[in-house]
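Take a look at this one; I'll ask things after.
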Amino acid sequence: MPFEELFVPPQIAAATGDDAWVQAMVDFELALGRAQGLVLTAPAISPAELARAGRSTGNPAAALVSGWDEDGVHRGATSQDVMDTAAMLVARRTLPLIGAELDGVAAACGRLAAQHRDTPMAARTLLQQALPTTFGLKAAGWLMGVDEARDLLDAVPLRVQLGGAAGTLAALGADGLAVLARLAAELELEEPVLPWHTRRVRVAQLGAALAIAAGSLEKIALDLKLMAQTEVGEVAESAEGGRGGSSTLPHKRNPVGAALTIACAAGVRGASSVLTGALAQEHERAAGAWQAEWEALSRALALTGGAAASLREALDGLEVFPERMRANLDLTGGLIMGEAKRVTGKDVVEPTDYLGSAGAFVDRALEAHEERR
Amino acid sequence: MPFEELFVPPQIAAATGDDAWVQAMVDFELALGRAQGLVLTAPAISPAELARAGRSTGNPAAALVSGWDEDGVHRGATSQDVMDTAAMLVARRTLPLIGAELDGVAAACGRLAAQHRDTPMAARTLLQQALPTTFGLKAAGWLMGVDEARDLLDAVPLRVQLGGAAGTLAALGADGLAVLARLAAELELEEPVLPWHTRRVRVAQLGAALAIAAGSLEKIALDLKLMAQTEVGEVAESAEGGRGGSSTLPHKRNPVGAALTIACAAGVRGASSVLTGALAQEHERAAGAWQAEWEALSRALALTGGAAASLREALDGLEVFPERMRANLDLTGGLIMGEAKRVTGKDVVEPTDYLGSAGAFVDRALEAHEERR
Amino acid sequence: MPFEELFVPPQIAAATGDDAWVQAMVDFELALGRAQGLVLTAPAISPAELARAGRSTGNPAAALVSGWDEDGVHRGATSQDVMDTAAMLVARRTLPLIGAELDGVAAACGRLAAQHRDTPMAARTLLQQALPTTFGLKAAGWLMGVDEARDLLDAVPLRVQLGGAAGTLAALGADGLAVLARLAAELELEEPVLPWHTRRVRVAQLGAALAIAAGSLEKIALDLKLMAQTEVGEVAESAEGGRGGSSTLPHKRNPVGAALTIACAAGVRGASSVLTGALAQEHERAAGAWQAEWEALSRALALTGGAAASLREALDGLEVFPERMRANLDLTGGLIMGEAKRVTGKDVVEPTDYLGSAGAFVDRALEAHEERR
Amino acid sequence: MPFEELFVPPQIAAATGDDAWVQAMVDFELALGRAQGLVLTAPAISPAELARAGRSTGNPAAALVSGWDEDGVHRGATSQDVMDTAAMLVARRTLPLIGAELDGVAAACGRLAAQHRDTPMAARTLLQQALPTTFGLKAAGWLMGVDEARDLLDAVPLRVQLGGAAGTLAALGADGLAVLARLAAELELEEPVLPWHTRRVRVAQLGAALAIAAGSLEKIALDLKLMAQTEVGEVAESAEGGRGGSSTLPHKRNPVGAALTIACAAGVRGASSVLTGALAQEHERAAGAWQAEWEALSRALALTGGAAASLREALDGLEVFPERMRANLDLTGGLIMGEAKRVTGKDVVEPTDYLGSAGAFVDRALEAHEERR
């Protein structure tokens, strides 16, 4: 990924990179050893060497154990056991980092919802002013979107993989199921009912949850960039440290965080589509669809983290201009209050008099968010 | 969709078609009336007329109420309330039809798993024979995939939509939240915390669950068509009624159900990608992304149903040839038993002696499936 | 597709529907007959019956010839020859209809570019006012996008398909190549070097060209809806006949055409992704990927036509407000002219004095468009 | 991308990586200087620093010129001019590397087509043996697919970008068009009629051409892995250097190159979908869609190169087993020759007697390939 640090925070980039994968692969082998009563010591392993060696076997796990001294390394396992478990470990280690950024986004949305519970602004439908709403209600909607997406992410079961070459655990003889259970416990991953070498529902589910999370963040970013337009001017991302500026156009306050969020979300969608497309895998191990997952999963994780981090920054530093929101409401010279006048039967209605259940909705959202935590 | 009946069973096509949408829209208006103490009578409404009239407003709901006699029709609602609730009703009415086909697929997989719990066959990795497994274990894996996908489908909350033009329920005054609750109860849909006009997590989640369900079916279809190859010959779809035949090549037994399943799954993926891409909707109502959902959702539902129905037919009529499975195991002249010999230390090992936990895995799967029901 | 007429003009819907497919299939059989010296008469054929019968063979062509009286119908052909050639005929008959709408879009863009060659407005980057540009230059960019996309569409070769069951034309004996050439001539389709039963480059190319055309239209629609925002107010779609209005909010002027264009483009992308995903087809005829193409291709054609028609309407009726463009330029109180002052060294610079090559670019675009025709 | 070297040859990885992008960006600045009569010297620039600095501006070009000593660097240009031109340079430098691999694939297909022009094998439709064909005709079809895809790649115009902040070249005063023309000449890129900051047809076209190329390679890989199945055994990838082997299952000959090709193609499709989705960019410069292109384009290029390289290796080392092809033809006990008997009226027909125009088609393909070069 060119210019990765532009999009992805360093910690998340590291958690989804080469070294993190190799560490997870090593963790699998060590835990598999422990599950069979072996104490192993991993040699130094170079990701690039695994990759190069993998060109003749089709995956980077094949070369993993050649440098180990002890007997019994990898016993009962096949390459896909290593890679699939490593993928789940990479996910389990990255998801909390993404989660922390999502928490930050949700916290910021919650703050804005509470703070602007009664701040009137124009509701816009098809980008036309329609009726008054509040900025609090808009932010409450953002909050619910993040929470709903978060629930989907949290619901993805991360399961250990151990099946051996045919998914039967034959090489482990009568110990197969016991080793499987101990391995799951060692790695604190769920134990599957069956090996899932070619049953990729959980991988696709993770990809879909990431795409939905990124899309929920993109919705917020989209609203931000629309509200930040020169002609609308209702919010602006922080200008601290020259952020959002332009060397040749110093008057600009570009919605940089929103733009990066949107860019990341597009990338997550692309990566997630690879994972959905990889559900159809042949027989007991696939020739192609499986191998396509590693990069797609890494990228979906990294870019969802990037989307969340950029949006969190944007929201944390967001400047809100309630007076501009109020002024925009007057742009139509009262036309926007037409329905209000008709419904209430009054000749003069203030926007704040026609907010319906906006405040109550904000309260419901904040309550639901509290309960979720 | 040209030749829709080739892919989609008539009942499912009807449940996702024009008339079903209009019925759901009418049901919304009637229930909204009841929720406000009104007894309404719907006039005859032509889908095509709604569509034509919709070209000037951008959606088919705008023309819905023009022919109604009573006052108070549509009170408090906006076009998107109608369409979104209708979408959820269409989904709720179609999902059981899809579910029945998925039940049929699962039942067939379960039967095959139990019946062939101990039928040896070659496990194939990268399409090469690797070690022995059983057909029962393969079918048990299919079963788990369908169950996992089914759980994702069942987990999608289907929620009523009611927010009015700005999502504030302003036109309903103090009654807003009460009407919302009553409407949800009337239609037996969930009540949302907030209107979700531009928070499309649940729509995208439904699309993703459908794509994952279809992909799980495609995995089974892929295995079927590979096993049905002339050179493999381990299964065949039923030839009853000339099925799978070819006028010019009467010896053929084409895996027709598998092929249709795969074709449908591809269509579901395309439709689902539209729904994931529609998460970013502007402000309080979107100009484009929302309107893209209706067709995509209908098609994702219809084609998932089509995939399930075709695969159910294929599995229900499946002929299984255990003797061919056994013969294929011998194709490598015993090479496939190399690991078995090494691990067991014996010179001669029968495939049935090296099945590891295959049988136990089948039992676990059947148990998990029983518990699920 | 629910509410198809909302999105797709009737003529284009017809050209991509069931009856059009069956007509194209019949045209293939008649032309194949003529190419072999036979005069055939087609019986009445019901698309729904073909679809139903197709469930046992996996495609609707199998039942096509059962009702014909003459001998020799379909001689030498396989079902895929019928379907593939029909697909190309459907495309060839629909593309001019799409092309006429694209011509209309281009003509409107050209008119706007010429008319507003020197109308200053704010250039917006990251949705922030950056520097002055002209509306003419914006419209010239739209025009170039349509022309470039059009060239891609025009470049797709539409080829006849004839290979027989194995792609060898074996059933035609020594006449194979001659019949192939005559069939191509009869149908005015290109003759392929080889049958392309599982070489789908041209189908994917057509899908990609349609997605790019729709995306180019979406770019224009996106600009329109942004310019039509209440707070920007630089353009509005026609309000004739109540278009863009809202029953409850009569002050609104919704960018309906833009919204429909965007919705259609999303659908085209989804359909096109199915076609790209269908490139990998097995051996001499595929089990699934091929069957997925019919609906995807029909929909990609229909919705590209829908996108073009909706945008053409929007542009044909577009109201442009140059005074509002001018007023918006003043919103930043001159800040937007900062670069102009620095570069020119003057204290006061008018937007019209800092338009660089905008006018020349417009002229170049109009010239390039003229040359293209 | 984890384990990038597993999928992408080092040279192609380098050509699409961070350093290549920075080099291209520097080349733009140097050429822009020359186009204005300036001789510049680039300082050392770290990609990571550009990325980090870019987080506050939203792109890595903003920090590019801060370390340069000379005046006039970057004069008249905007960040997007740098990035877009750099993208085109990256493409122009990577495409020949991809092209060389595609040449290798085509050459191998051509060799196989010529060598096996008359080698009979079973044509398979829906994975069932249908009629005889030749391996030469299959390989000729592969060749045509690569050639057709190659033509699409070669047809993508790669154009320089120079428009300045508003796309008007205002900062260059009267010199704008002349500088644009000289810059294009300096960099040997095409000169566009207009700046294309938000007219992304050519970027999407490049993405589509890459996806189609990768899909054409995937078709070949799919056939290879099907033919290499244990039960089919008609081809095998080279076993040289342990390739395709398995540590635990030494009898295996995994179709590793085919699997990697398929995995790469899936990734290209995902990346290409991002580029198609990025066609709709706002106004004069986009907030998100543009920024999504850099990674997607790099990945589409790298993985298409990876797909081509893996397939080229697989084909170059391919072992072909004509006797097995012949034996497989007999598997149906002559049933496969049913049509042949009916059509020829003979009781006994050899497969080689019923190959129709297979040989002639091979000759046509080889001729067309020769003409193309």
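Lettered A, B, C and D in written order, each chain numbered from 1.
As a convention for this text, a contact is a pair of C-beta atoms (placed from the backbone, for glycine too) under 8 Å apart; a residue touches a chain by one contact, two chains touch by 3 or more.
This structure is a prediction, so every number in the text was calculated from the model and none was measured.
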item	value
Chain whose mean Cα position lies farthest from chain B	D
Chain pair, A-D or B-D, that carries the greater number of C-beta contacts	A-D
Between chain C and chain D, centroid-to-centroid distance (C-alpha), Å	25
Gap in Å, rounded to a whole number, between the CA centres of chain D and chain A	29
Inter-chain centre distance, chain B versus chain D - centres from mean C-alpha coordinates, in Å	34
Multi-chain contact sites of chain B, meaning residues that touch two or more partners	58, 78, 124-127, 130-131, 165, 171, 218, 221, 225-226, 246, 248-249, 254-256, 259, 262, 265, 269, 273, 277, 286-287, 339
Interface residues, chain D side, partner chain A - complex	1-7, 16-18, 21, 47-48, 50-52, 54-60, 62, 78, 165, 171, 218, 221, 225, 241-249, 254-256, 258-267, 269-271, 273-274, 277-278, 286-292, 294-296, 298-299
Of all residues in chain A, those that touch chain B in their complex	58, 78, 123-127, 130-134, 137-138, 140-141, 144-145, 148-149, 152, 155, 164-173, 176-177, 193-196, 198-202, 204-205, 208-209, 211-212, 215-216, 218-219, 221-223, 226, 262, 265, 269, 272-273, 276-277, 279-287, 339-340, 343, 354-358, 360-361, 364-365, 368
Touch list for chain C against partner chain A, complex	122, 124-131, 225-226, 228-232, 246, 248-256, 259, 273, 277, 328, 331-332, 335-336, 338-339
